[in-house]
Amino acid sequence: MLTTHPFDDDKLHEECGVFGVWGADAASAIAALGLHALQHRGQEAAGITSWDGHQFHTHRAMGHVAGNFDRDDIIRGLPGKVAIGHVRYSTTGETALRNVQPLFAELSSGGFAVAHNGNISNAMKLRRDLVRRGSIFQSTSDTETIIHLVATSSYRTLLDRFIDALKQIEGAYSLICLTSEGMIVCRDPLGIRPLVMGRLGDSYIFASETVGLDVVGASYIRSVEPGELIIVSDKGLRSHRPFAPVRPRPCIFEHVYFSRPDSIVDGSSVYSVRKRIGAELAIEDPIDADLVIPVPDSGTPAAIGYAQQSGIPFELGIIRSHYVGRTFIQPGDQVRHLGVKLKHNANRALIQGKRVVLIDDSIVRGTTSLKIVQMVRDAGAEEIHMRIASPPTRHSCYYGVDTPERAKLLAAQMSVAEMRDYIKVDSLAFLSIEGLYRALGEDAREEAHPQYCDACFTGSYPTHLTDQEDLAPADQLSMLAERIA
Amino acid sequence: MLTTHPFDDDKLHEECGVFGVWGADAASAIAALGLHALQHRGQEAAGITSWDGHQFHTHRAMGHVAGNFDRDDIIRGLPGKVAIGHVRYSTTGETALRNVQPLFAELSSGGFAVAHNGNISNAMKLRRDLVRRGSIFQSTSDTETIIHLVATSSYRTLLDRFIDALKQIEGAYSLICLTSEGMIVCRDPLGIRPLVMGRLGDSYIFASETVGLDVVGASYIRSVEPGELIIVSDKGLRSHRPFAPVRPRPCIFEHVYFSRPDSIVDGSSVYSVRKRIGAELAIEDPIDADLVIPVPDSGTPAAIGYAQQSGIPFELGIIRSHYVGRTFIQPGDQVRHLGVKLKHNANRALIQGKRVVLIDDSIVRGTTSLKIVQMVRDAGAEEIHMRIASPPTRHSCYYGVDTPERAKLLAAQMSVAEMRDYIKVDSLAFLSIEGLYRALGEDAREEAHPQYCDACFTGSYPTHLTDQEDLAPADQLSMLAERIA
Amino acid sequence: MLTTHPFDDDKLHEECGVFGVWGADAASAIAALGLHALQHRGQEAAGITSWDGHQFHTHRAMGHVAGNFDRDDIIRGLPGKVAIGHVRYSTTGETALRNVQPLFAELSSGGFAVAHNGNISNAMKLRRDLVRRGSIFQSTSDTETIIHLVATSSYRTLLDRFIDALKQIEGAYSLICLTSEGMIVCRDPLGIRPLVMGRLGDSYIFASETVGLDVVGASYIRSVEPGELIIVSDKGLRSHRPFAPVRPRPCIFEHVYFSRPDSIVDGSSVYSVRKRIGAELAIEDPIDADLVIPVPDSGTPAAIGYAQQSGIPFELGIIRSHYVGRTFIQPGDQVRHLGVKLKHNANRALIQGKRVVLIDDSIVRGTTSLKIVQMVRDAGAEEIHMRIASPPTRHSCYYGVDTPERAKLLAAQMSVAEMRDYIKVDSLAFLSIEGLYRALGEDAREEAHPQYCDACFTGSYPTHLTDQEDLAPADQLSMLAERIA
Amino acid sequence: MLTTHPFDDDKLHEECGVFGVWGADAASAIAALGLHALQHRGQEAAGITSWDGHQFHTHRAMGHVAGNFDRDDIIRGLPGKVAIGHVRYSTTGETALRNVQPLFAELSSGGFAVAHNGNISNAMKLRRDLVRRGSIFQSTSDTETIIHLVATSSYRTLLDRFIDALKQIEGAYSLICLTSEGMIVCRDPLGIRPLVMGRLGDSYIFASETVGLDVVGASYIRSVEPGELIIVSDKGLRSHRPFAPVRPRPCIFEHVYFSRPDSIVDGSSVYSVRKRIGAELAIEDPIDADLVIPVPDSGTPAAIGYAQQSGIPFELGIIRSHYVGRTFIQPGDQVRHLGVKLKHNANRALIQGKRVVLIDDSIVRGTTSLKIVQMVRDAGAEEIHMRIASPPTRHSCYYGVDTPERAKLLAAQMSVAEMRDYIKVDSLAFLSIEGLYRALGEDAREEAHPQYCDACFTGSYPTHLTDQEDLAPADQLSMLAERIA
């Protein structure tokens, strides 16, 4: 079963996953496996850079890891005992290969490759300054800003240049960099995006999620801590703390949807958290029904939790096709309305005449919910009670997640009652923000210093949003409104 | 969630799915959708033949329906209100395009296209005779035999020639044929492979399973009956019974594994049957445990049934990657042993220290079971009790299913106790053949005239196996032994 | 320099070239080289069938020999010491791979592969009869008729069946067939299409032209004679004469345009014949001018002959691009008129203010001539005297050459004076039919029994044209008119 | 016929051709045609950048212009009335797409695209300095140095920055740059590589050779002069002279081999010069023979000149295949020695028993000459007298031509007599350097200030070779030796 729900364009999308391995034979093959396990974090492109002690080797390709990085000729072209890799989901139309990571540059200190998960929220401003001084950008990626800041830094050692660069950037970044002197791994002071560390024999492994460790047989050591900078070289591993300490605010949506259920994120089992979310939902909004049905696959753990808490049986009322990638274009106009059925089919024999609780992880635009509810209704459900395993998603994310503009977020435009009518269910309930914090094991959300970045639900952004503030006044106003809201 | 488990090479594979539509605009687009829903029945190649009232148009391609038949240019090249289609899984190395169906020939009566699910068990003998008389075969497919029998028949009308051909063949066949005079749909007298009929507005739809009707929004009418031959033309639909009546024996494995859980096969909900199978398993072999875990996705309905019957909680202890097709080749020798983890990952946080009941649909070679059990053990399970949702698979199928030779079927070589030791579980139990018939709503298996073809479990083959009997004496002996067994 | 002029769609096109090798290591590699040298006879597709003593292996591909049959993996897949091959130019839209030769069939006597240069002029009639009796055709190719005639012949030995088949067909055929018993090579009684024989060490080589021998280092023995049937097997080479003797009439256009200038065709050097043609032109139509300029490359040998005879200097007044295949589509409407310049450019510095004699091999539709004359005029030529190295092309060919329908042949619609005005030259002259025979070393054309097939110039067809006569009466009339003309 | 001889790897190769169009509808389609006509200057990759008044659009591809830039979708993606283009032959293994031109960068002044023919002889030194200051290079191309020099220049206007950049570079450059303010066209002070200007209606066209004007129907105005910088914008065309005047030394090899025979280079018809070269050869080294035979196609104009001067008839003794690109890999080891015959075939019927004068343009490694002489000998030639239409090629080129290292240049290792024995001809003669200057219309080579760059023949390099001088002392010595020689 399952993991997340990558094919649905009515979901928020994680933009990236990163992976690094230091000191293992066949490092690039290990990186390929690790990236494959992180594929749900970015399906549009992938890349690996290896270092063989003398030279850097890079291969980047549009498409999945499988089909590109499972080819012997590709892996043979990436020799060495050190490798870093990246999977990418592109938010814009700009999907050119030159934006695919790892980005690589020859600096005066030697080769420098970087794989980045997150988003730099003052990248546009920094870029304008750099171009003015003669820097030439290869890509439209915010990540390239980091490389130019390192290249033009006036400090002497590479490490000092790198820290100089980091101190100029704001936003979210889990970084794995490869240089001829060692691998540099770093997580932003707030720890917005995840990053974990493991061991495989004598080698070190870094990955966005623990499933990247599992797939290569590595053991999980711990998370890279927010604000921590680690250098791995032939001399071993050294940990630095270059930033002033602040209270971390890791992304809460990793637990709701992004991470795979079999991952451990910042110490918590994602599967367990999702089951507790389902249980909280059952407590907050009890209903009398015959069946609990997940929208597969992302709603399944919460549905199991809901069923166990409520005593209503868990059933597979919607069957999902294994053969739907994003590429199936429905041929012909007459059949266009059949779209959702390519992905899901209602289990009519089960549903007919029943009162169902339908569990999904979140509602973004609402377009898919509308179709799924209609499909379940057509299959003969007597009542449909929709339960959403997170609070209403009302605000855009600027930290490396692909969110539609606010105007397209259903919950930014409608009350819960309006949404219930819009998607045509008998009842609709979202988990409360407090319920979500409870499911995560917190007593309550600390209003002054929230334990997580929950900006998509609350509008409380943990960093400056410089590039957003540089927008036209009208946009600024709506931005400010959003931050105050 | 789920449906069947197409990526695993340690499963039996259905070889084909067929689809037909008569009298609808955009018939080939409808056929593409229908074939997409039947993709689990054959992943190696697909084809569609349409008839526009004047000409036949065929496109056949290696690979999935998506990526081939979702392209506008392809569909525009298949005009007309009538179309038939086929998805194919190839059993042999011979995967050349000329074996991909629908097969097409220009006969003296005009064009003749055929899509076939099943296998003709005297095809080799018939072929030898036809070649001797001057027929030239284009493919190595058994299906082409039917076309040559029609072409060389001495009867006058096409229908008489077709029936003349059918009377010479033995084995399993659900056929959808397209001629300029109408569509001919036929199911062998025993009804070994499934075939259903539906309506979409004024048009008729035929498909291997009801999911092919669901995806296009068609309503389900009934199964095409064993031994029934239906002609659909501009004059409407006529049903014929060209064969002497015999007691049907449809394939029992469709209910165990092949069909999608959301299909209705010969009147039964596949999902419900699988849940009852799980319940029977819990009754036949109760065990004290903490969790019921399916091997995803094919074991899931049975696991739900087991959990509901036993009261032990159903949990997702194994997470399946969405991104594994059959094409992922593990790069590099050092990492080859990691294979199974590309597809599945144990949910360690859940499993650790627990006694688990692991549910799978069947055991073929046992190679995958071995790895999955090891993975669950490594994740810290204290006890593993494996329960299989079917009887031991001990015999080859000659009716359109890809089975390994007997020597590679684990259950043909070992007792249950030996298998338990081999795959290293604390206990192992298979469903009894009687339990399986009970789950299907029968009081008992009628030994004299079994209600289903269960040859893979019992060795009781319902037809002559002429081509097998033509083999060398040693092979014949082992064949006979198998039939007697 | 030169050879023929394959890229120009205003030329007649040879439809095929054939090649065979018996008894050499790396037979398929030798066949690939031979076909490459025959590429000018057919550019759309190529194929090779080899026999390794046990099995036949076939690879067929759209496109050139280079890029398909120069790949190691392809050649390794065609093992054995015997191979036949084919290059094909398709006359119709039907360019599907199944029409690409060698065609292959499994007959009751074993495998049978055939490569055919020519055209069977009663193929449609024979096909209708065969289909009526139950034969199923794979292709739309006339060549397949031969295979079915062999398959259904009532004779016993393969050789008798093959001769039985040949006696039923009319038209042009140079055939190379491969069976498990030997290679069968045959040329029709009139010897319309060429075929030569050579030796390479102990092995025998057959090819449409001697350049196919040269490229592999084989020595030229002789032409296969009209009406000769040769069998090569492990027992050596045997020659048969299965047909009643008739006076041969090989195609005269091979000497004018089709064959490469470095080939020996039926005993004559093509280059020498073309130079003599040029000399005859200079004698028949002398003119006072400054330069003799060929339309490259097909007009070059005649232009050299003309220059040597007339004493006017031979110069390169038109330069041809090396980089024009047929695939260059001119982008954008505004630039469409620039077409001819992609292929040819006038050497303005040379031409300006000069009186030029422009030599081309033939005029088909006249479209290219029109453009080339305009280009030469634009480059400043004072006078342009066009001389054509053949008589006016007034009739279609039914023997394996792609000719436009008569209505599109310029010379079928206009007198020479009208053509002169149409293509806007100061004077225009064609070689006389007598001049052409003189250039070939004949004293005169024997009206009763012409020494060559010159139907494209004279309308005198050497065989029945059964399929043409089966056409509607109106078409028949125009056909008859053509034969009488 | 002919033009140059692009397929032969035993030739010097021009590395690039450039093209620009300002102010024409369908500018990119025009650029595609122009580049197609310049294809002989670079066959490995091509690119076009267009400007639509708002945005720059670039498409670059490995392979020929035809097949890439004749596709409607590609051209539609390059809108606007302004476009520049480039064809490239790569000298090193580094053929990655990022080295394909036009190179493009977003500078603070806006977009900047550059197409460059030539080579910057101090590029490596400049690059090291730029990287030290923080510039990040995208490619390994020397051309990118220019862009970074412009980006980091301290001048204010784009024109001043560009001139500042040019003043720092040494070597050969014919440049066409595209900015949002206009097109900048520039030729280095020595005018080493060619560049011409033409008009097409109201638009300006720039191209490496006049054939690029001819193909689009543009009229030839004049060469861009050595040291001239032209800006074309909506305000019209302005010519600048930013450099101190020096005596030009355009490349003499353009006349010998690189340019197409139908081009006008720096005022001279290439075809006429080559014919005069042939005549000079006949005067310098007369011989008694039966036939003059060119090595097609590059030896043809000189052979015609030789024949006209000597009175010995010009004949096509070697026929060249139209179907040989560089991609034909000879399949199988046994047939590898047949290589040269794939490209050329001797016209045996013509050659047998004759004394031939064989004309080729130059000898580089001598490997092809060896094979061609052997082929002509095998065809029965009684005597072979080889005449080379240029002096011995003894020195490497550092100005944008792909030359083998000196050690592989036959003439750098052997005397003429030794070469004669090595390639096994009865006599061998090269044109003298004085004869070459005479053919170009000069009275004599001015030793102090030679009128052409003839370094490949004389070792007299017209610029510093900074990057060469930075090499290790041993290499320097051999370099110096070469310059003194």
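Chains: A, B, C and D, in written order; residue numbering restarts at 1 for each.
The working rule: a residue touches a chain if its C-beta (ideal position, glycine included) is under 8 Å from a C-beta of that chain, and two chains touch if they have at least 3 such contacts.
Note that the coordinates shown come from a computational prediction; the quantities given were computed from them, not determined experimentally.
Novice: If you apply the touch rule, which chains end up adjacent to both chain A and chain B?
Specialist: The shared contacts of chain A and chain B amount to nothing, since no chain touches both.
Novice: State, to the nearest whole Å, the distance from the C-alpha centre of chain A to the C-alpha centre of chain D.
Specialist: 52
Novice: Can you work out the whole-Å distance between the CA centroids of chain B and chain D?
Specialist: Distance between chain centres: 63 Å.
Novice: Where does chain D touch two or more other chains at once, residue-wise?
Specialist: Touching at least two other chains: none.
Novice: Can you name every pair of chains that touch?
Specialist: In this structure, the chains touch in these pairs: A-B, A-D, B-C, C-D.
Novice: In the complex of these two chains, what residues of chain D are touching chain C?
Specialist: 1-4, 6-7, 25-26, 28-30, 32-33, 36-37, 39-40, 43, 64-67, 69-72, 74-75, 211, 214-217, 260-262, 264, 269, 271-272, 294, 296-297, 300-301, 304, 308, 313-316, 318-325, 327-335, 338, 341-342, 345-350
Novice: Give every residue of chain D touching chain A within the complex, in rising order.
Specialist: 98, 105-108, 131-138, 147-148, 151-153
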